[in-house]
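Presented below are the structures under discussion, each in the form of structure tokens.
You will see chain A twice below: alongside chain B first, and alongside chain C after that.
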Partner chain A sequence: MLDNMLNTIFIITAAIILISALLTITAHNVVHALLYLVITMLAVSLIFFILGASFAAALQIIIYAGAIMVLFIFVTMMLHQGEKSLAQERHLFHFSTSITALFLSSMLFFELIFMLFLTPTDSANSRVTAPSSAIITVKDIGTQLYGPYSLLVVISALMLLSALITAIHISKSPVTSEIKTKADNL
Partner chain B sequence: MIPISWVFMLSLSLFVIGLFGVLARRNLLFILISLELMLNAVVILFIAASRYHSASIANSDGQIMYLLILTLAASEIAVGLSLVVHMYRQHHHLDIDKLNKLRD
Partner chain C sequence: MTSWLTPLIILIVLLLLGAWSIWLERRVLALWQDRLGPNRVGPFGLLQVVADMIKIFTKEDWVPPFADKVLFIISPMIVMIMTLLGFAIIPFAPNIQIAQFDHALLFLLAISSLSVYSIMLAGFSSNSKYALLGAMRTAAQMISYEVFMGLALMGVVILADDFSLSAIVAAQADVWFICYQPLGFVLFFIAGIAEIHRAPFDLPEAETEIVAGFHTEYSSMKFGMFFIGEYLGVILISSLITTLYFGGWQGPFLPPLLWFILKTGFFILFFILLRAAIPRPRYDQLMVFAWYILLPLSLLNLLVTGAVKLSLLG
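Now for the complex of A and B:
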């Protein structure tokens, strides 16, 4: 009974993910694409809940659907020009220009389907255990993270620092620095 | 009990959709969005695989890899969006096919 319910919820959530992902990459308006992307992120977090990774699900909602999407929406608000950018985007992306990409990616997709379903597999191993088997608490993750994985924490901190410096350096306005050097020369 | 082939199917479909987005779109902002979709597909696969091997000791490895991928995605988006803003300041559009010179 519970298995059937979980399977049904998984199928519905997977359908929501795929449909909203397709709508995301085919939308012409950036704001619509971002809203569909938020729906995709929320559905992915539901998948994490079904698979029993509740910490990852919470982080998915907080960081992906919260922080990263807000970053995207701020940049879109800075750059979007209404009807003008819509017309530009319609010129850039329509179906006839994307036939080659569709062909290549569908070929990859069918190859992967072939590898998954048409090659002989061991059918006894083809099940994921239900979330009731063992609950991974945040404490377990923290113990792992600051025990055997502590080098990875340091490396990701370095990566965040370098990304911060890169973003500041790139988005520094070249016009103001030019004016400043001119003022220095005077 | 969710069969692992369903999770595979979902993850591969999401990855291929993201790949199609990267190949077909010419707007830099949409390419970044498609990269996010591809990272999400990989993350689903990591977490499903760590549930699949939940009998072993280190079954929280998938969520630790998720944390690292999240950090990677955040820094990638920060750098990518600052490149988008810079490109819009210089060219007043986001068409990556126009970017064929290394300097102005």
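Now for the complex of A and C:
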């Protein structure tokens, strides 16, 4: 009964993900496209939740939907010019620019189809419904991160730190500090 | 009480309280500023809310022709839904709680980060300069203050060893967490004010600078939803402060629910007092305050809490 319900919820959520991901690409308005992407993120987090990883689900919402996408929309809101920018984009886009991307993504698509036919359907089904005993706690994630995966944690920390330093360096570029000293002198 | 009746009663009570706290704020604010406030409709002006509702429902519900219509209509709903969802995890009394949830605090952070969209979309879809300015201020302000909100909450999580709110309340049976986490409390309180953009951090709608900020173009009940959403936010943050730092429903002699209402009411009044007492800072001062002062302090709080806990255990 519960498994059946979880399966139904999973299928509905997966459908939402596919539709909103498609709409992300096809939407004319940039902000609308980003909002469809937010819906995709929320649906992905629901799938994490169904699989028993409620911590990952919460982080997916907090970080992706709540912080990164907000910044995306923030920037597009500042640069967005409505119909004007749409016309500009149309002018920039030719079919010839998309040939490489189309080629690569069609290769990926055929690989996906191939893999789908190769794997038996039973194993795919059993992965969908996680038993309720397999709920992953924060403690499990912590011991995993600081045990076998500690090197990855250190590397990603270094990467983030360097990104932070770069951002500070760019915002303190000689041009802006020059303006500042001029303003102070006045 | 049956299981489906509790959420319904809580929802109705919350909506009534949200509307009624508008009257409370106007009355108390007037008291502190040597005025009378609304005292004409009903005893002590208590029915002012009803009069306001009649007025707001009969006003023209105008959608500007230059607006992005769908987003314009959706965005006031988002703030109401997100704030009301936040109440789902709050333990009002031992048996009165809508959802028992293991990662309740993370759920709360997720809800509060999603409510940014309401204001950003309102500002964007209005397609007017003042609304856009308000929305940009909001996005920067809320993203900045969310960081300290999360970091300040982690102090409580370290002490209680759990993310669920009922466990946090149970862990405060002997000593309230305000005694162990005074700095964390202050940080959470400041971040809470900024999250629900109340005065003195109401720069997104600073009426002396940018008309009414993100809801400049809104009228009728759509404006009313933003308005009541703000007061629901005040109630949510107040009840969170009660739950996380002041022992939740625990207290001697009186029944638990009454204790919860008393403590929460005190903080709601404190929010109103802040509006009466403190002037609004400049926008860059707000951001500098967040990143240069509150971020190091909240990291320090987390570090000291963790170190003390580890040294006491081992």
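Note that the second predicted complex is superposed on the first by the 128 of 186 C-alpha atoms of A that agree within 3 Å, B and C clash if a C-alpha of one lies under 4 Å from a C-alpha of the other, contacts with A are read in each partner's own complex, and residues count from 1 in each chain.
By our rule, a contact is a pair of C-beta atoms (placed from the backbone, for glycine too) under 8 Å apart; a residue touches a chain by one contact, two chains touch by 3 or more.
Here the structure is a predicted model, which is why all the values come from computation and not from measurement.
Residue contacts after overlaying the shared chain place A:V31 against chain C, while chain B stays out of touching range. In the superposed model, A:F55 makes contact with both chain B and chain C.
In the superposition on chain A, A:S98 makes contact with chain B only, not with chain C.
When the two structures are aligned on the shared chain, A:A65 is found in touch with chain C, with no touch to chain B. With both structures placed on the common chain, the touch criterion links A:I73 to chain C but leaves chain B unconnected. In the superposition on chain A, A:S156 makes contact with chain B only, while chain C stays out of contact range.
Taking chain B and chain C in turn and counting the residues of chain A each one touches, the greater count comes from B.
When the shared chain is aligned, chain B comes close enough to touch A:Q88, but chain C does not.
Contacts of chain A with chain B, set against its contacts with chain C after fitting on chain A, overlap at residues 55, 59, 67, 71, 78. Residues of chain A touching chain C in their complex: 29, 31-32, 35, 38, 54-55, 58-59, 61-62, 65-67, 70-71, 73-74, 77-78, 80, 135, 137-138. On the chain B side of its complex with chain A, the touching residues are 1-10, 12-14, 16-21, 23-27, 29-30, 32-34, 36-37, 40, 43-44, 47-48, 50-52, 54, 58-64, 66-68, 70-79, 81-86, 88-89, 93-95.
By the touch criterion stated above, chain A contacts chain B in their complex at residues 3, 6-7, 10-11, 14, 17-18, 21-22, 24-25, 30, 33-34, 37, 40-41, 44, 47-48, 50-53, 55-56, 59, 63-64, 67-68, 71-72, 75-76, 78-79, 88-89, 92-93, 97-98, 100-102, 104-106, 108-109, 112-113, 116-117, 126-131, 133-134, 136, 140-141, 144-145, 149, 152, 156, 159-160, 162-164, 166-167, 170-171, 173-174. Across the complex, chain C meets chain A through its residues 68, 71, 102-103, 106-107, 109-110, 113-114, 116-117, 120-121, 123-124, 132, 135-136, 139-140, 142-143, 146, 150, 163.
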